[in-house]
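One structure is given here, and the rest of the page talks about it.
By letter and in written order, the chains are A, B, C and D; residue numbering begins at 1 in each of them.
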Amino acid sequence: MNGKHKLNVSAAAMLLLFGGLVYSVKTGGAPADGEISGTVKLDGTPPHMKGIDMSKDPYCVKFHQNGPPVRLEDVVVGEGGGLENVVLYISEGLSAAELSKVPSGPPPEFDQKGCMYTPHVLPMDVNQKYQVVTSDTTTHNIHPLPNPMTGNIPWNESQPAGAPPIVKAWQHEEVAIPVKCNIHPWMHGYFVVVKGPYGVTDDKGSYTIKGLPPGNYTVTAWHEQYGTQTQKVTVAAGKPATANFSFKAK
Amino acid sequence: MAPILDDLLTVKPPDVPDKTADIDNGGGNEQIPVAPTGRRLADYSPPPSSTAIWVVIAAITMTFAALTSALIIRQASSVDWRHLTLPRILYANTLVLILSSITLTIARHRLTSSRSAGERQAGHRGQWLYATLFLGLLFVGGQWVAWMQLRAQGLYLATNPNSSFFYVLTVAHALHILGGLCGLAYVIRKLNRGVLRKSTLDAAARYWHFVDLLWIYLLMLLWVKI
Amino acid sequence: MATPHAVHHHAPPSGFLRKYVFSLDHKVIGKQYYDLALLAVIIGMILSWLMRLHLGWTNFAIPGLHFLTKSGAPGNIMTPEFYLQLMTMHGTIMVFFVLTTAPFAAFGNYFLPIQVGAEDMPFPHFNMMSFWVTCVGFLVLISSFVFSDGPTLAGWTQYAPLSAVGAVAGPGQGLGEVLWASSIGLFCIGQLLGSLNFISTTLDLRTKGMSLMRLPYTVWAWFITSCMGLGAFAVLMPACIFLILDHVAGTSFFVPSNLVINDQLQPHAGGSTLLWQHLFWFFGHPEVYIAIIPAMGITSHILSNNIRRPLLSYKVILGSMVTLALLSYMVYGHHMFVSGMNPVSSLAFSFPTLIITIPATIMVLIWIGSLYGSKIRINSASLFALGFISMFVSGGVSGFFLAQPSIDIMLHATYFVVGHFHLVMAVAAIFGIFAGTYFWFPKMFGRMMNETLGKIHFWLTFVGAYCIFMPFHYIGIAGNVRRYQAFVDDYLQPLIPVHRFITVAALLTGAAQLIFLYNFFHSRFWGKPAPANPWECTSLEWSTPSSPPPFDNFGPNLPVVYHDAYQYGVQSSTGDYLMQASPEQLPAAKQ
Amino acid sequence: MAKLFAVTIILVAILSAIPILIHKWDMPPDISTHGALIDKQMSETMLEAGIAFLAAQFILAIFIWKYSNRSKEAKIRTFPGGARVLVVAAFLLVGTEVLALGVFGAKAWGEEYFRPPSPDAMPIQVQAGQFAFYFRYPGPDGKFGATHPAMISEATENFFGLDPNDPAGKDDIVTAEMAIPVNREIHLLMHSKDVGHSFFVPELRVHQDFVPGLDLSVHFTATKPGKYEIVCTQLCGLGHYNMKAYLYVFSQQDFDDWLKKEAALQ
């Protein structure tokens, strides 16, 4: 979170310098420090998540032998029904300049730890650099499968233990790109490539989208199992807006 | 009559030194030859082209045998085999091709039968060869029409296994026909330059009749419902 | 169609291009093939070093490895896909562009016309095309290192559907795969053109008195190989075309229905995966003999020259070679014993496979038996020829195991198979090539190679080859599966030390080849000039007016042959041998 | 030089034979009912091939030792009997040898492949995919549920594409490792979901390729409890080296417990 915080602040600073003119028309030059926050909940009993049998690769088994049994992460519900791994982004209302802006700062990190992806869902901006790293001593393979229609180029590379991070970026918006490890079939996650500011829910289901200039926006919440929901939100200068979502358990 | 002259179909003497030397080259001859020198490439009757053409035919036969077995295995194993009705024009093409073989036979007869090289040249400028050439081109054109008709029906290379095989086999065969046409063109050029050898003509003719038969075989292969 | 006219007034070529690049001269083409094979074998050997290093010490960073690949070596550590890509390229390069081109196309082109006493091949233009098509094929194959995500990783056998479904199946399975298939298709065309020339040269261009039974073993070997090539390459080519179509045209020749890869249901339907295996192995097994029969011919030729007596029976050797060639088409199914083929046909294929050991054994016995009471002359060429016999035996006996489906249950796709075919096909054939090189070098380049270096090269190679490939059999019996980039299975851990031993042996033996390269290139330009007939050999290549022979081989008059090719151990005016072309008659021609 | 060569050949031959003779790296012990014949076949072939190998190398070495670098006037002699005796020898020795091997080998092969599985053999389904095996047990109802390739999803661990609406599939147990009861014949139903794979358990003497588009099956009986490894031997892509699963041979009791444990994980 901290990284993202810095990232958005600096983004805002950049905006003041370059984008000033554009916004003076709409918002009277107010700083783009508006933010939308809220929580995403899951109504009803969360579905049973199958356990993962990693016996194929003894390394993975050893990694988890003292921990709780590993389960799928399609639906992860924290205390109070907070739904984790929901990506929230602005689907309408951003100006062209905002859309084309690429966040600077350290690239978001997609780690392979104990033969699982952390985070399970990695949101990022179009053309924003992201890096895939491995904390495991077994060889992994990263194979994102974007929809060919979007123009994103699929790639398929292995990462042996001790190999340097793989740093890449996606050229086009796509919600969402499934990521697989061909060597460990259960390893599975998502890249969510959006335009403009975004947020992702933590284990309590709460999120924040930072760095928004005042204006009227449509916020879209996406979850890999429950699809998308949208809300209209107005961000006034200086005071944070809230938008809470709740998905129905199937 | 010396083998060289016999082999050459025109009065214009070949630009070959006539080293007539004709000993049995068959396996296992132990008698010691007398002539002071061995023979050079050009002295051969028939020259290697007649062997070579059989080699070529053998190779092509193997290729199409492989394609055939592929077709049979594929048809046996497949769940999605749909029989396609061959375009009518194929039968017309077949007639054209058979006709071309006939014209070629006539051409060869005309070129080789008459007594002396002089008559040959006087009597004949290879019209029948041109006829064969034309018929060959007509056949290829006809095949093209057939492909267009199938496309019109929405049958493309990948539509179903049967259409795949149809295109692969017919295109492969058409390419071999084009090769044969080049051979004929070469023969005509030689004839006009007055240096056509009987063996060359024979080789071209042998190849042409072969691809002709090959087509009839393919037509039956594509026609029968296995 | 070219005709004899193309060459019958065989003027000396003029101009650099015609002389050295697009030459019509079979000798130049032969050298071009040899140099291509040399380049290919160097590349192939380097690839094998990288693989061996990785197998011995996985996750060992090989300096500079990342220059070979875009994403295959992050931090110079070899990824699984890159290992498989190297393996595929090693196999393809070695089998097609070394073991087929060097003993067959290279030596054959150079010496077949000379040994039958012809001034050139009948269709020089086809001959030139044959080389350049092959060369383009090689470049296409190598180019796949550069494009997209590298070469195909499906192994040189390219089993469908892994090879046919496309990029979704793994790195290199998109463009790399298409490049592979195109390259091999081109290679087939090149070899077919070559065979065309070889066959018609042997049948039609033999000089006066050169009856079939007077041909040297080498000519027979090349002739038989060409005939096999006709069958094999003419079958592989359509298979490659099908493969390309499955990629670019969306057909389904080899891809069955309902394949799910990366959770995506594949669009193909109805194809047959065994179809590829049948087509491939119908080519693939004869290909093994295409690689080894020329080596057999070369060995027999050099052996009888260096033991100063004819082999025990000319006809038996010929008969065995022909039998091998014929049987090789009936045994290909032994590659597919456990591949879901009908178990009855597995047995049907196993018997001819066992029977094929009989002609092979006969040849070995003839070779060894001929040594009895002979006068063996030790030089680099003869050492490699004798080494060939030893290697051929060592690699051959493991055939007894693999010919039996029941034992194949244990040994299929293990290192035992790898050891078997490396010894019997690769190393043996390479020994034949080395023997031929040391033997014919004086004729090809007019200079002698350094004997001492040659012998050192032999010792290191002979011992090294055994150190590398014998252990393969042991770990194979222990169940070590081939084509693994690392040994993560518990029961394979104890075998890793053996792999390290093999790796070290491979690196040293590879280094020994540098001696050969130095010897080859140094002697090629600065070696001491060769006498007319340094080995006191009888066949026609030693009757040419000069070394290397003039553009038309024998000058104005082609030689006339009076004797069979192996008049050794006789008392003639020249010594204990009698040239094929010498009119001298012996009171009682010793046989 | 020649003598050195002869000695080298002999040394190489002996050194090559030693690891075999002392069983340094041997086949893993057989735990199947049908494997005995295969092992017998193996050792017989090893004996005959070994003799052929040593004999050939030794004679080669001896001849090289004796007949190289002889003096000019030494006269050339021909092998007694010449080629004929050698050809006859080859036909007699090798001919009979390969015939024997072929016939007995056929018997060993038939033991596994011509004998149909007994009707009460326990059916287990194995699916090979890039790059893991997954196994399916029919569960209490003894029936495998319907599967649809389109439903296969590793993301949600529906490895077989089980049809959720098929009651027969409700109690199917899908596992990543294989367990079988000892001394019970197993009928293994094999299919591949993507490319070619192979099922190889050295100790079981079972080796069968998965051929996409073909449903194959093997049957075997394990006689010794323990933990063994199933490996893939057919090149299937970048993860080939890591495509493996463990095979547990349990007593009936342990097997039932294991099934319960796995069922809980579904």
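What we mean here is this: contacts are C-beta pairs under 8 Å (C-beta built on N, C-alpha and C of every residue); 3 or more make two chains touch, one makes a residue touch a chain.
In this text, all values refer to a predicted model and were calculated from it rather than measured experimentally.
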Which of B-C and A-C has more C-beta contact pairs: B-C
Farthest-lying chain, centroid of Cα atoms versus that of chain C: A
Distance between chain centroids, defined by C-alpha means - chain A, chain C (Å): 55
Between chain B and chain C, centroid-to-centroid distance (C-alpha), Å: 33
Whole-Å gap separating chain B and chain D, where each centre is the average of the chain's CA atoms: 50
Distance between the centres, which are taken as Cα means, of chain D and chain C, whole angstrom: 29
Multi-partner residues of chain D (each touching 2 or more other chains): 129-130, 154-155, 213, 237-239, 242, 244
For chain A, residues that touch 2 or more chains besides their own: 57, 139, 141, 158, 178, 180, 182-183
Multi-chain contact sites of chain C, meaning residues that touch two or more partners: 79-81, 170-171, 256-257, 262-263, 271-272, 274, 486, 488, 490
Every chain pair in contact, whichever chains are involved: A-C, A-D, B-C, C-D
Chain D partner contacts - residues on chain C that touch it in the complex: 79-81, 84, 153-155, 157, 159-162, 165, 169-171, 256-263, 265, 271-274, 307-309, 312-313, 316, 338-340, 343, 346-347, 350-351, 354-355, 357-358, 361-362, 364-366, 368-378, 383, 386, 389-390, 393-394, 397-398, 400-401, 403-410, 412-414, 455, 459, 462-463, 466, 470, 474-475, 477-479, 481-491, 495, 498, 569
Residues on chain D engaged by chain C in the complex (per definition of touch): 1-2, 5, 8-9, 12, 16, 19-20, 24-28, 37-38, 41-42, 45-46, 48-50, 52-53, 56-57, 59-60, 63-64, 67-70, 74, 76-79, 82-83, 86-87, 89-91, 93-95, 98-99, 101-102, 105-106, 108-114, 129-130, 149-150, 152-155, 161, 193-196, 198, 200, 202, 205-214, 216, 229, 231-242, 244
Residue ranges of chain D in contact with chain A within the complex: 129-133, 154-157, 159, 175-177, 237-239, 242-246, 265-266
Chain D-touching residues of chain A, taken from the complex the two chains share: 50-57, 69, 72, 74, 139, 141, 158, 178, 180, 182-183, 185-186, 188
Interfacial residue positions of chain B with respect to chain C in the complex: 15-16, 21, 23, 25-30, 32-33, 35-42, 44, 47-49, 51-53, 55-56, 58-60, 62-63, 65-67, 69-70, 73-74, 77-81, 157-158, 161, 164, 168, 172, 183, 186, 190, 195, 197, 200, 203-204, 207
